[in-house]
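Remarks on the structure that follows.
Order as written gives the chain letters A, B, C and D; numbering starts at 1 within each chain.
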Amino acid sequence: MVRNCREVKVRESRHLGAWDQPGDFVELTLENPGWEDYRPGQFAMLRPKSWGLDLTWGRPLSISRADADSVTFFFQVVGKGTHRMASLAAGDEVVVWGPLGNWFSAPVDGPVTLLAGGMGIAPFRGYAERYPNPDNLRLVFAHRADLSSYPYQLIADRIAAQAIQERSREDLPMIIERIESEVKAAKGGLVLACGPTPFLKTIQHAAKDHGVRAELSLESSMACGVGACLGCVCKDGRDRHVQVCARGPVFPSDDVRL
Amino acid sequence: MDLRVEFAGLVLKNPIITASGTFGFGLEFQDFGDIRRLGGIVVKGLSLKPREGNPMPRIVETSCGMLNAIGIQNPGVEAFVRDKLPLLPWRETAIIANLYACSVQEFGALSGVLAAEEGVAALEVNVSCPNVQSGGAAFGQDPAQIRKVTEEVKKHGGGKPVIVKLSPNVTDIGLCARAAQDGGADAVSLINTLLGMAVDIRTRKPRLANVVGGLSGPAIKPVALRCVHQACRAVKIPVIGIGGIASAEDALEFILVGASAVQVGTANFLRPDQAFRIVDELPDAMRMAKVEDLDALRRGLVLP
Amino acid sequence: MDLRVEFAGLVLKNPIITASGTFGFGLEFQDFGDIRRLGGIVVKGLSLKPREGNPMPRIVETSCGMLNAIGIQNPGVEAFVRDKLPLLPWRETAIIANLYACSVQEFGALSGVLAAEEGVAALEVNVSCPNVQSGGAAFGQDPAQIRKVTEEVKKHGGGKPVIVKLSPNVTDIGLCARAAQDGGADAVSLINTLLGMAVDIRTRKPRLANVVGGLSGPAIKPVALRCVHQACRAVKIPVIGIGGIASAEDALEFILVGASAVQVGTANFLRPDQAFRIVDELPDAMRMAKVEDLDALRRGLVLP
Amino acid sequence: MVRNCREVKVRESRHLGAWDQPGDFVELTLENPGWEDYRPGQFAMLRPKSWGLDLTWGRPLSISRADADSVTFFFQVVGKGTHRMASLAAGDEVVVWGPLGNWFSAPVDGPVTLLAGGMGIAPFRGYAERYPNPDNLRLVFAHRADLSSYPYQLIADRIAAQAIQERSREDLPMIIERIESEVKAAKGGLVLACGPTPFLKTIQHAAKDHGVRAELSLESSMACGVGACLGCVCKDGRDRHVQVCARGPVFPSDDVRL
């Protein structure tokens, strides 16, 4: 598999939310640096060339899809880096390195339940696209912002999908319950999950309680993205520090501490 | 253009070395460049026994820099020798082991393990651990301790060049460099990180689980350059410059103040091919600055 | 929201003070904001006699910071009292004199001149001059000297609050803070600049005529925060936080680790209304971080 | 006179040289922050809002002209800051403070000889525009890049002007000679000069030798631009350090050391 660092041009940057607001959502398409054989679940580090030195690190984003021509990311503006990335325009140059990390299992004999929380939906677009038998797949998507902010419809066009919106804090117990029952229902199959840590914790507990095989994609602040700095570690099942960027981001639910 | 540098018994094909803790064991960067093109690689800090390091969070981004409190997570010196060293191109690129211990004896034992390893070109001694026996200040902040540790590593290091890596968190860096020289060091390298801190006003907590951590990156380059300048004037042994080097021009600045070679640390996080790019850009940067020869540059600083 | 802070005999309408050397005599900024809205103004360093300062070049831009070697150019304390002080709104905003001298006696004499000036709210003692009589290390790097200078300024300062401004270029900042406290200081302020250097590979010369200079700006904020944290734990007297503060959030970070107030320095060069903007943004920043009261924040750091 | 700090929008950025090359020349027009009563010779500090913290200082540029609607600068790309400023586009925001410093004398009874070297021509555009009796004025412009890189024609349309190009180092003695003779010829009138330091030195010597009144506009690295940091000083005739930003940038030729 190719793994490299390249300067590539922005093909298209499409704002899915209100421009320049925190909570903004962006679909960013770059020239493909040769990553068409990436595996869904892998990510890349991005660093726009216009950044000076004041932001020291690149920013990790899941590869949402890639073909011979381009690679696409979806991100939400949450801080300095994503804020600046949101002003990228076609033709701007970005330094990218990847594909990084490991990936979600893709067993041919399903069923596979995809559980996504917020921007955690990003990697499942490519997963749904590449998985050989879409009938085996099912997506449950918990989200806050309007559905149009996420690549949901692109996935729902291909596989069975349901979205549940958290409109206020009161909806949370309902969502947790729903997620738990989805995990339980997946018994005998495989659960793949990506989303905020509390979301992953819910799934981890449910998977343990009901003896369901699950894989969780973790987030962490990252400096190098390649396993060298040891800044992004989490604890595996035996309390050893392992790099989220290199040994993950995808971990078996029963071999990681959240 | 001849980029070779020779000092302290080392022969490097160019003066660009990657700094400990920022380049893993080198192998992590193989997809981004040919690691044999580097002048040298200082591997992640090694201790006698494996270490899990500090709890998370361990890193924070700061303006033009970062804080880290990794806590020398490493598989232990034996695993390094067994699992990593054989994979490294040590015949072509100097592989420098970085030693971390918290007592003089432990430093001796660590050196002993590495003394016989053909693949290890030199020993770099990281004296940043607080010495619990002598009051809790780091070894590296006390010239007497620096000297003792240096002597011990020299004694057990099997004749390998010993480089003592100095901390900038001291009143007089020249004294520390001299202590290393007096202890028999073949070279000093500096600077290690500046002690720093970051807090989160929302959670009211430090951003590092360890509370304090080491500041590195372009932010600290002026401090590093001053320390290297002072160390070069304080000792006769060679000096390796470290701190905020992110370009070929930066590397030349350190050589101008007297460094024999340099290490690139945090800049490896700007992009994983940055160290290779610095090697590539060095000849052009030298031409732009009308530097024909690194030795001449090294003696070239014009003081008022 | 109540932004008033009281400490060391000072009552400030808010904790935002402008740092010495970065805000002139305050008057230079009158077109860019109402200087009466500041918590305080520390004026440019004053010496007994006028000083022309160092030769040019004196400033260099660095990554997220700058180096300066101005050399305390100033019209002398008497010209300040005669020409500047009367123009300053000292009834509404604390005007703090920053004292620079190179001997203990001179510090005493300088304090004596200011002791009787109603318009001077406090004396801030800059101990960065190398003490030629005692070997050439700066006063501020030797706890014994810090103590002596503090006692002298207390003796001649006519009862005005004495703030000792500490240098970060030391092994143990806590020791220095304690020396100031032992000498009778009413508060300490820190940090002054980190010693740094820059060179030009084309000309082969240092970029500052003075060779070395002081590093300031956002680059040094993590070091400053760590020093303030350590000082707050080392002494009982109030601590004023300085170093890289460029936003209201930055100011709150220093208060969280224990500072009673803060000084804004290099950020005044980002734009000349930056200190005023920080005052304006403080209430919002407090709301965002759910800070109701600065005193509560100051005691709020949660350590592991 | 108004003096303030404002965030204003870029009206227009026009590249006069080859795009994005060092040696690039840019005409930058901003919304006027209320500086229409500025005096030619004054300058402003500029700091694009897109700059992070890695460039600590604003950049000083001469005000080339200002009216109630806009303010115009001309600059040459020589380093990091001007490089980044060259990518400003209409609508981008810039923090500006000014008008700063003093200005060129404008005696109604001429003659006044304007001597400009390179981008030192910038302030003379406004000078020529505002000076009540254009017949009193005369510009001699020494330059390296193509004339179209500078606001030369705009001035030459209004007052007597001559341009002399330095095509190679061999031209230098000729140019120096010409400048010296212009100074000499200005005896009894006033010489105003703006350009690189060696250029100003030539004029200073000639003015002294021939007893001609001259004013020189100096350059210096600046942090604050308002006289506070004392980082930009030069020596006046009595060897005292004075701020170029506040006591200058325009100095009587016989009261400044270069």
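Here is the rule we go by: a contact is a pair of C-beta atoms (placed from the backbone, for glycine too) under 8 Å apart; a residue touches a chain by one contact, two chains touch by 3 or more.
Here is each chain with its UniProt name: A, D = Dihydroorotate oxidase B, electron transfer subunit; B, C = Dihydroorotate dehydrogenase.
Since we're looking at a predicted model, the values are computed, not measured.
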When contacts are scored as defined above, which chain pair ends up with more C-beta pairs, A-C or C-D? C-D
Approximately how many whole Å separate the CA-defined centres of chain B and chain C? 33
Report the inter-centroid distance (CA atoms only) between chain A and chain C in whole Å. 47
CA centroids of chain A and chain B: separation to the nearest Å works out as 35
So which stretches of chain A touch two or more other chains? 53-55
Residues of chain B touching at least two other chains: 60, 62-65, 218
Work through the pairs of chains, note which ones touch, and then classify the graph as line, ring, star, complete or other. complete
Contact set on chain A toward chain D in their complex: 51-55
For the complex, which residues does chain A have touching chain B? 3-5, 47, 53-58, 95, 97, 220-221, 223-234, 239-241, 246
Seen from chain B, its contact residues with chain C in the complex are 60, 62-65, 67, 137, 141, 169-172, 194-199, 201-206, 209, 211-212, 215, 218-223, 225-226, 229, 244, 249, 252-253, 256-257, 285, 288-291, 297, 300-304
Per the touch rule above, chain A residues touching chain C in the complex are 53-54
Where on chain C does chain A make contact in their complex? 63-64, 218
